[in-house]
Every structure is written in C-alpha cells, then in structure tokens.
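Going in written order, the chains are labelled A, B, C, D, E and F, and every chain counts its residues from 1.
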Amino acid sequence: MRPSKRAADEMRSVTLERGYSRHAEGSCLVKFGETHVLCTASLEERVPPWLRGQNRGWVTAEYGMLPRATGERMRREATAGKQSGRTQEIQRLIGRSLRAVVNLEALGERQITVDCDVIQADGGTRTASITGAWVALNDCLSWMKARDMVRDNVLTDHIAAISCGIYAGTPVIDLDYLEDSDAETDANFVMTGAGGIVEIQGTAEGAPFSRDEFNSLLDLASAGITRLVDLQKMAIS
Amino acid sequence: MRPSKRAADEMRSVTLERGYSRHAEGSCLVKFGETHVLCTASLEERVPPWLRGQNRGWVTAEYGMLPRATGERMRREATAGKQSGRTQEIQRLIGRSLRAVVNLEALGERQITVDCDVIQADGGTRTASITGAWVALNDCLSWMKARDMVRDNVLTDHIAAISCGIYAGTPVIDLDYLEDSDAETDANFVMTGAGGIVEIQGTAEGAPFSRDEFNSLLDLASAGITRLVDLQKMAIS
Amino acid sequence: MRPSKRAADEMRSVTLERGYSRHAEGSCLVKFGETHVLCTASLEERVPPWLRGQNRGWVTAEYGMLPRATGERMRREATAGKQSGRTQEIQRLIGRSLRAVVNLEALGERQITVDCDVIQADGGTRTASITGAWVALNDCLSWMKARDMVRDNVLTDHIAAISCGIYAGTPVIDLDYLEDSDAETDANFVMTGAGGIVEIQGTAEGAPFSRDEFNSLLDLASAGITRLVDLQKMAIS
Amino acid sequence: MRPSKRAADEMRSVTLERGYSRHAEGSCLVKFGETHVLCTASLEERVPPWLRGQNRGWVTAEYGMLPRATGERMRREATAGKQSGRTQEIQRLIGRSLRAVVNLEALGERQITVDCDVIQADGGTRTASITGAWVALNDCLSWMKARDMVRDNVLTDHIAAISCGIYAGTPVIDLDYLEDSDAETDANFVMTGAGGIVEIQGTAEGAPFSRDEFNSLLDLASAGITRLVDLQKMAIS
Amino acid sequence: MRPSKRAADEMRSVTLERGYSRHAEGSCLVKFGETHVLCTASLEERVPPWLRGQNRGWVTAEYGMLPRATGERMRREATAGKQSGRTQEIQRLIGRSLRAVVNLEALGERQITVDCDVIQADGGTRTASITGAWVALNDCLSWMKARDMVRDNVLTDHIAAISCGIYAGTPVIDLDYLEDSDAETDANFVMTGAGGIVEIQGTAEGAPFSRDEFNSLLDLASAGITRLVDLQKMAIS
Amino acid sequence: MRPSKRAADEMRSVTLERGYSRHAEGSCLVKFGETHVLCTASLEERVPPWLRGQNRGWVTAEYGMLPRATGERMRREATAGKQSGRTQEIQRLIGRSLRAVVNLEALGERQITVDCDVIQADGGTRTASITGAWVALNDCLSWMKARDMVRDNVLTDHIAAISCGIYAGTPVIDLDYLEDSDAETDANFVMTGAGGIVEIQGTAEGAPFSRDEFNSLLDLASAGITRLVDLQKMAIS
C-alpha cells in the first residue's frame, strides 16, 4: 500500500492552468497533486552570443523553488549567491527536453526562456515542470504565430515527463515526497507524444536494481506519459 | 484622470488569501489589483548568532520576484549571484516594519522568517508585501499559540503599508506600474493599526516637492492604511 | 540634555574642505563633527550602456567605509566579496539626491561618479556625504566649464542633507553615533537650496511616531539645511 | 564505420595505474584511450556537519578538468568563480555511484573524498572517473585496513561505468569525443560487479530513441562493465 | 635628471602623523610626498581559528585604495566582488613584514589587524604602508601596555621599506608614479632597524638587470631605510 | 645535513618531458624531484581588450594545484569560488617571467596562455613551473613557426627559476617541502640564459638575513639556473 493510497499505476490529479501570468507570452500553472509549478515562457529577440548569426533560435529553461515551497524552509539561492548543483541539473534537463521537440531553425534568431518556479513542492517537481513548460512554450509560439513571427512548424511534438520508482518492492508511478524519500529506486522519464524516449534517468537509492525492474518502470512511465499528453491536448484545445 | 481610471483616493481591489501554502506555519497570498505577492512565515527554533542567549527572538524578511513577474523578464538573482540593492532595501524595510509591532521578548528565542515572493508585479510590491506579511505572521503566531509556544502578547498591533504619489499634479493613492513610472513624487508609508507612523519614504522623481504636497500624501495614506487594517481584521476573523 | 551637550536645534561644527585630492576633477573633505567623509567627483567620457546614444549624461555615487572608521573594526567589503545592503541603500540615496539638481541633458553624454568614503564615522555619514558630494560635484563641473565642456546650466540648485531624531522625547538635529543609537525615531531629510524636498526617510526605532512629531523633525531639518546650503555657498565662493 | 575504426562493441584500451600519487591514501591514473583521469582518495577523520554523531561515514567526489585537457582551452573554474552545472552534475554522479557499494556504517565517522581530475579529455571522462575512482577508493580502504581502522566489509562490490550511444544508426560502446559529438543518443551506465544497475542516464541528442534501441545500449553496457570489473580485479590483485 | 628633480639618492619628504583616527588603538597617516596612506591598528581579543589554543597571537594586514586615489578612477573592489591579485600580494607583504619584528608569544592570544588604506597614490604605496604600519602597530602596543595587557617585549625592532629602481640607466631611490612607470627595474626592500633584510622583491620591467645593478639598489635602500627608521623614532618619541 | 641528504649546492633530479598533452600547442611535464607540474601553452587568436589594435601580443599564465597534490588535501579553488592570494601571486610571477624573454610585437595580435598545474607538490612548484613553462612556450612557438605564423624572433632567451634558502644556517639550493618548512630564509630567483636577473624574491621566515647571506644565495642560484638552462637546451634539441 502506498502512503498516498493510490494504486501502483495511478498518477496524482494533474491540472494545467493556462494564462496564469498576465505578462508572459505563454504561461501555465501545473499541478501534480500538491506539487505546484508556475511555468512562464518569455520571448527575447536575440540569442546567446555563441549562436549569433546562425539563423537559429534557442530554447532554454531556468528552475527555482520558493524558500518555503518545502516542508522545511530552504535557503534562498539568491542569498546563497549561487544555484545549487541540483537546481542546475534540473534546469538543464528541462531545457534539453524542450529542445528535443523544437525546430530551432523555424524559430528564427530568437530565444525563449521558460522559467519553472516551484510554488509548492511534494515530489516530482522536475517532471511537473517539463509537462507544464511544454504548455507555456506552446502558448508562447501561438502568441508569435498570431503576430506572424513564426509558422506552425516550430513545435514538432508534445513532451511530458513522469517519475517512477520501486516502493516497498513494487513499481509505482508519480511518487510524492513521502514515497520518494523511501523508494529504493527512483527514475525520471521524458517522452514525446509519439512515444519516443528523450531522457531516462534512473538511480538506485538503496540496492542496485535489475533490468526487469527497470523495464517495469518504463512500462508504467509509457502509460503515464500517454495520459499527460492527452491532458496537454485538452488544455490547449 | 489616472490611467487606472480610479479616483485620486481610490485604492485597487485588495484581497488577502490565508493558508495559501500547505507547508508554512502562516501564509497569505495578497493581491493589490494585478500585484500578487505570496507571503509565508517560517518558524525556526533558533536565532541568529548575534542574538543568542538573550531570551529574545527575531523576525526577519526576505523578498524576491519571479523572473517574469514583470513586463520584461528580469535576470534571476540566483543566477546573477546576488540580490540587487533594490531587493535588499525592500526586504530590510519589510523586516523593520514587522518588528515594529512584535514583542521580541514574548516571542522567545526563535526566529520567524517572512518570505515575500512576487508572483506578478504591477507597482506597489513592497506595500502589498508588508500588508500581507502581517497576516502570514499573525497566522504563524496563532499556530504557535495553538501549541502553547507563545501567548497572546507577541503581536502588539497591526501593520500595513501603502504608496502615494503626485501624478499629473494631483496626489493619488496606491499607484500601479504605469502611474508609478510617470509620477513626479513617490512615497511609501508604513503605519500601525493605532495610526502611529513606522516608516516614511518619500522621493522626488522629478521636481522637488513641497511640505504641503507631502502633507496631502500623508492624508491619503492615513485613510488607506485604516482601510487595509480593516481588511486584515476581516481576513483573520 | 543630549550626550553631546548640544542644544536640540544645534548642529555639529561643519567644515567643507575643497580640493583635498590632487587627482579628482572635484573633491571635498566634509566634516560633521567627528564624522569625516572624503568625496571625490570623477569624470568619464562615457555613460552606462543603457543610456548610450540619448544625448544625456549620468551622475552616480558609491559609498564606502574604511574598516576602522567605526568604534569596532568592520569587515572590509572587498574581502566579504560584496557591498552590504546598508551600503547599497546609502549610495543609491546619494546618487538620487545629486541627480535631483542636475540637468542631465546639459551634462552631455558623460558620467560623473561621486565616491563618498568615510574616513571616520560618528553618526550621520549619509547626510555628510550628500552635503560634501554636492561641493565635489560643483567643482568637477567648474573644472569642465574651464575647459568649455559644459555651460553654467548643469547644476540647477544646491542639495544638502541632515538627520533629525527624537531623543529622550525631544526632537533634535544632527545626531551623533551615541544619540543615534538611543533615538526613538531617526529621519533623514534631503532638500534643495530653494527649500524643495527631495527625499524623506523616517523610521521608528522604538515606538511609532505621530504626525506632530514628524512635523517638528521637518521644522528642524529645514532650518539645518538652510544653514548647510549657506556653508556650501561660502565654501565655493 | 566508427571514426575510431573500433568495432561497435569494442572499448578503447583501458589501463588502471595504481599508486600514481605519493601523498593520497589511494590513487589511480585511469586511461580510456586518450582520456586520462587522475583519481585520488583522501581520508579525513571527520564527517560533514549534517552527519555528525550518527556513527556513519561519508564518501563524496569532486571533479575537475585541467584548462587544456580539451581541444580548445576552457576557462579555469577557479577563475570563473564557480563550478559549472556540468561539473556539479558529474561529481554528484560519481559520489552517488561510489556510495552505492559502500557500507557507510562500517566506514565509521570519517569522510573519504575522491578527486577525479581530467588530465586529458577525449570523451567518456565521467565513466573513466567512476571506474578509476573505485580503484582509488579500494586502495584507500586497504591503507586503512593495514592500520586497523576498518575491516573488510566497507566495500560491498565493484562499481564501473561505460557510455554507449547510437552512432550513424548503430549502437556502439565507449564513444570518444568525435563519436560523442555526432551521436544521436548518448547514455551512461553505472553497474556493480554483480550486474546490478546503479545509474542509467540516457539522452536523445537528436531524434528520440526507441525502447529497442535503448535495450541494445544496455546489452552493450552490461558486457563492457563486466570487462571493466575484470580489469579492476586484475589491477588490485 | 629625474622627473621629480630629486637627486638619485634623495627620498621624497616623509611625514608620519600619529593618532589620526579617534577610534583605532593605534593609527598613523604616512605621507611619502604625494602618496598618502592611513594605517590603523585594530586589536581583537581572539585569533584566527587555525591558531587557537597555542598561546600565541597574530598580526595581519589588509590593504585598499580609495577608487580615486589614482589618476584615473579605479573600480571599487567591493563592487568588483573581490580583491585583486595585486591587493592580496601587497597585504600579504605588509603582514609578513610586520610579523618579522613581532614576538607573537609575547602578544598573547590576540590579533592585531593593520589596515593600510591609500587615500592618495603617487607610487610607493606598499613601502609607505609598511613604514606607517609599524608606527600604528607600535601605538597599539603602547595602548595595550598602558592597560597592562602586554609588556615591552612584543616589538623586537623597527621595520621600514623603500623602493629603488633603475631610471634612465641610473639607480634611484623612492620612485614616484611617473618614475615608476618608466623605470627599467623596480625593487622593494624591507629592512629592520638593525639593518637585517626581511624582504627583497626585484623585478625587471624591461631588460634583465645585473648583479652589480642590484647591489647599487641595495646600497640606496640601506641608506634610505636608516633614514626612515630615524623618522619613526622621532615620530614615536 | 639536509633532510634530503643532498649537498648544499645539489639540485633535485630535473626532467622536462615535452609533448605530454595531445591537445595543447606546446606542453611539458616538468619534474623537480617529487614536484611534478604539467605546463601547457594554448594559443588564441585574440588579445585581452586593453591590448586590442596595438599590433602586439600577450603571454600570460595561470597556476593551479590538484586538491591532493599536497600532503593534506586542500580545498579545490573552484569550490571555494576564488583563487587564493598565493595562487594569484604565483601566476602573476610566471607570466611576468615569461614576458621578460618574449618579443610581444613579433608575436602579433595573439595571446598564449601557459597553464601550470601541479600534479604533485614537494616544494618549489613556482620555480618548476617557470622552468617548464618556458619549454611549453617554446614548443607552442615552434608549432606556430611550422605554420608560418611567426618567425624566429619571438623568444629572445631562455628563462628558468630556482629557489635557494638558508637551512640550519647553511645556504642550500632547490629546497623540498621539508626543507622549505624549516628554512630561515627562502628566496626565489628567475634568470635568463644570458645570466640576467628577471626576478628576485627573498623573504626572511625567521630572523632577518644579512647581505652576505643573500649574496651566497644568489651565487647558488646563478649556478643552478645555468644548469636548468642546459637541461632546457637538451630537452628542445
């Protein structure tokens, strides 16, 4: 029995609220249960220095947590003077995941920065971020299309992410904080709407895991991401 | 005529939503029109090193803005590696304002940190922060009282804040971003429920202002803060 | 009775020594009693990036304290790796105050940086800084006029500053360190030669203050600043 | 045909040179072809603050590259003032991987830091680091055993790592820099001597990859890591 | 002919003004011509962590320049976020030089920090700093003796410093900025009252120098330092 | 008797291994006994901003130590967030020393950065660095000559360095760590192939030293550097 009382293959309630920010070109407040992340997509008419003059754009991401998004208050990174290794790891993952479904040539020499800020955390902030970031990015591109800045071909597919893990010997999907703290194995999967795998990160927290165990996590993830992509489709329709 | 079409002495719609965060001991999402700030109060059972062993507590504040809280995306302070001078000025002001109505001896050797994070900005983020921070702090103290950690005497009064300014020659209250950008004079007032003044900050943005002009700003502020304190009372009742 | 034995409306002995630095285009060693600040004005033939190409100049200020300017040695900010919030607050105030009496268009596309470095501190370093900075700035502009770089119309008025506070229940002017540490209310006023108000910063250190109390501080400040402006006039004549 | 002319399942020549450093308690210069990493294990008789008093030790890792380990000189991180996100990601991975085969209770309240410094880079620096770090750690523990500080049970298994990828449509093992730059998919695997999986990181650099493709990478990795563990056994015998 | 019109063996006018700071336990404003350095000695009743419990004290130094001490304004190190390599080199030299004549056991478990802040620079700031720092340190120790904190034996000798260089082919003493900029060789000497050498730093700015040339610089320095020590004796008597 | 059992004028075994790095334009692994430093010379087709457009090049150096190059592990400077004062002092010395024998005009508008990274330390890392850096620089220039980028006249002479000190009352050459820790006086000498002096740094660690003592150190150094230059000549022939 999971602490959340959910079935092994049952995700938390997921909502995707578009247009949460009045300023951003695209935005989405994504909730995976009690994990709430505000994703905003910001357009800039210039690219990083190393990309200039190549007729290609760039999509990048930044990630942050409000200090009291967590059970215990965490030190504000702006006060600490730098982003933690964990923060950098996550924002690099979000950026890579989004770029996997973006045609950077079709974007033109512009940059879109997707900020994922965790308002409240209860496990799975990186997978919620990726799933919501796609919606914010999609809305930013719609905003650009409405102004004839780009055509339909910038976004090549959906992208969504889910965590799976082995909890008390059983493979389960979408771990909340309590489950995550006790899981023996923790894995994050990023996949496209077409079912292609973009990123796999699996870590043994306790004992090493076997190939069979890993395959059962991948099974759960495939089903979950299909469901998340459906929710994205409903949200943007 | 103000760009916001409000009367000179008309504040924006103000809401104070308590309990917004599931983790924090006290929290409040405060809205002054389109300015939205999440205030959380976090309790720690220890005080800063310079205060140890004095049987007194401490209340402090930190302030931040999400990168796309503003019309143009601002660089994340965690990436820049430090808080800006403006950020530090504001969080010092919030902390001082709260401490003006806290009996630090009655708090005991503990620290409460109130984080004010601007989710969306449209002028007046510091005054909204102070007004909402008081509610979060009050709820944190109620949480402590329910656990017999403190008595009723920690908070000695309400505290709230409002901006006033001279716009197109006329003294007006609660400037939004558009009004603030064009105001000749900009002033922030922090006052207690009993009407005592805790902080005055007045700045001539264009021409210097006269004593009479300053007095009319103070008149507007007194009335506005009375109204804000009423809203706080309703919110916590 | 004030610890300094001064009357309530009696400022410390103030001196303004011009040309203290052989290198700077303008300089002034200002003393408010035992508070000594060296102000130097440095001219650069370029403006900050955000101001380029607008045919306007910029005046800015930086503030620092020698480590043993104070009763106890303070950590050098260059060693700490950053300026404190207090330092940034003060240098922003000095810069704003000076710009209130500068015609930036008449200055041309140049920047003047006024450095205010506290050699010895005994309260009131920010007000001494502003008062002395105006003299250094004025001399820098005279230096430029002598080289036909600008005309007479860059500086539109004098600017000077003084602190007032409520000490042992009595409003007093120009608090030294001892008085400042015990004052219930502390306020800084920046005013022009014509009597216009440029900046007001009032803070209740203990109990909140009333409007009447604040008005008596403003009375003291007006008289004090008139006297400081007279001293500036004598110094530059 | 791979640029390296190696067969798809052919690793580069791997050497593990123990005792390279005269100062460290354990050390190993590991070479995967032209990728050379110096691993040193340093023992300290204290643990990080958050672990004190728990009768457990800690194993951690740090990673660095000499500025000209790469084809183009990279900026020294000590000059840049911080470790890059990539560096932090890699050193966290090395540390996690080592801890997966360490009995921290048996280590006692001590810390071992394994430094992995890349002398020369040609792809696969993180997998070479993990493979060599295990040898340095093993020698450090032998050094401790010889002094009766620990018993035989600290290290529970071998740990080694290898990269696999899809190059020109074919799954290949142990990519060098040239192959890595052009690979469509890049994956790193960390496994124990017993064949348990400790970490999987797979990333689509170009098109998403399928589950079948991923399985063929896992096949290659399993065989490769078996070979690396054999080399470790030979090295320490 | 030197630009300064001084004879080859003629130092600038040197003054040592004691008691310049009202707060510091010892202080000295030292002038070598137009080079002015304020030296303050600050006593702390604790030593750095690595020295605790050894019944010995520590003497250290910090060095800084006001931004407009020089002909062109230099960026403030507190703004840059760190001390330059040059600053660190100089303050390490000052500290080493002072410690060469201090009996750290006789000082007891205390630290004296001598701050050398350059108010105005015209070459030779490090040698002026060392020469003035000794006076400030001596006064700090007198202050301590007057309070029975130490005895007479802490300071074992005088210490002073002078620069010499080869200018236009001729060995000269005490170079000012103009001479220093054009000198082929630049050397700094630190010597005790008894004539012992504590530090020699010689650098060829243009062509390498010969042993004979170096010996003539050392001759000049010996005479100059004898003179500086006489001035120190007069200053403290 | 020296701890190393070497005669007073006997250097450690010195080797200069060229071409250690496959990527750098020039490289040399230099060993002074157990002190091992990897020197790489990296060519860039641009100069620092302050040198642009002057038809001159630049040669600079950076220095680092692997964390466990020393007997006790030292904190990684990339983690500490800055280079120590000692590191900066050494890299400035290496750069100055190399530039003393480089014709920067003949180099053209390019920069060569020589990185000196200490793989293992046993005293004398700065002198080994300078001696090895010259070989790496020479090979970088040969690489450029082979591509007709420069002619023969860039390097005007050899440069090498050695430390001398007074150990147990006797002047000795090339101190290892143990000797250096106990030496009364420590001096570093940098000289050209023609015997010209480029840099002298002498420091009294205990009692001040006399002129005679210093002369005997200089005698030892001259002989030692002649020997090092011979070794450089053999290495590059």
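Keep this in mind: a contact is a pair of C-beta atoms (placed from the backbone, for glycine too) under 8 Å apart; a residue touches a chain by one contact, two chains touch by 3 or more.
For reference, the UniProt names are A, B, C, D, E, F = Ribonuclease PH.
Being a predicted model, the structure only gives us computed values, none of them experimental.
What's the overlap between the neighbours of chain A (Ribonuclease PH) and those of chain F (Ribonuclease PH)?
Common neighbours, chain A (Ribonuclease PH)/chain F (Ribonuclease PH): D.
Would the interface of chain D (Ribonuclease PH) with chain F (Ribonuclease PH) count as same or different, where same needs over half of all numbers used to appear in both copies?
Homomeric contact, same residues on both sides for the most part.
Any idea how many Å lie between the Cα centroids of chain B (Ribonuclease PH) and chain E (Ribonuclease PH)?
The computed centroid separation for chain B (Ribonuclease PH) versus chain E (Ribonuclease PH) comes out at 50 Å.
Rounded to a whole Å, what is the gap between the Cα centroids of chain A (Ribonuclease PH) and chain D (Ribonuclease PH)?
One centre to the other, that is 28 Å.
Which residues of chain B (Ribonuclease PH) are in contact with two or more other chains?
Residues 82-83 of chain B (Ribonuclease PH) touch two or more partner chains.
Start at chain E (Ribonuclease PH), step over to chain F (Ribonuclease PH), and keep going round the ring; give me the chains in the order you meet them.
Here the ring order, chain E (Ribonuclease PH) leading and chain F (Ribonuclease PH) following, is E, F, D, A, B, C.
In their complex, what parts of chain D (Ribonuclease PH) are in touch with chain F (Ribonuclease PH)?
21-24, 27, 34, 38, 40, 42, 44, 62, 64, 66-71, 73, 76-83, 87, 113, 115, 117, 119-120
For the complex, give me every residue of chain B (Ribonuclease PH) touching chain C (Ribonuclease PH).
Residues of chain B (Ribonuclease PH) touching chain C (Ribonuclease PH): 82-83, 85, 88-89, 91-92, 96, 100, 187, 191-192, 194, 196-204, 207-211, 214, 218.
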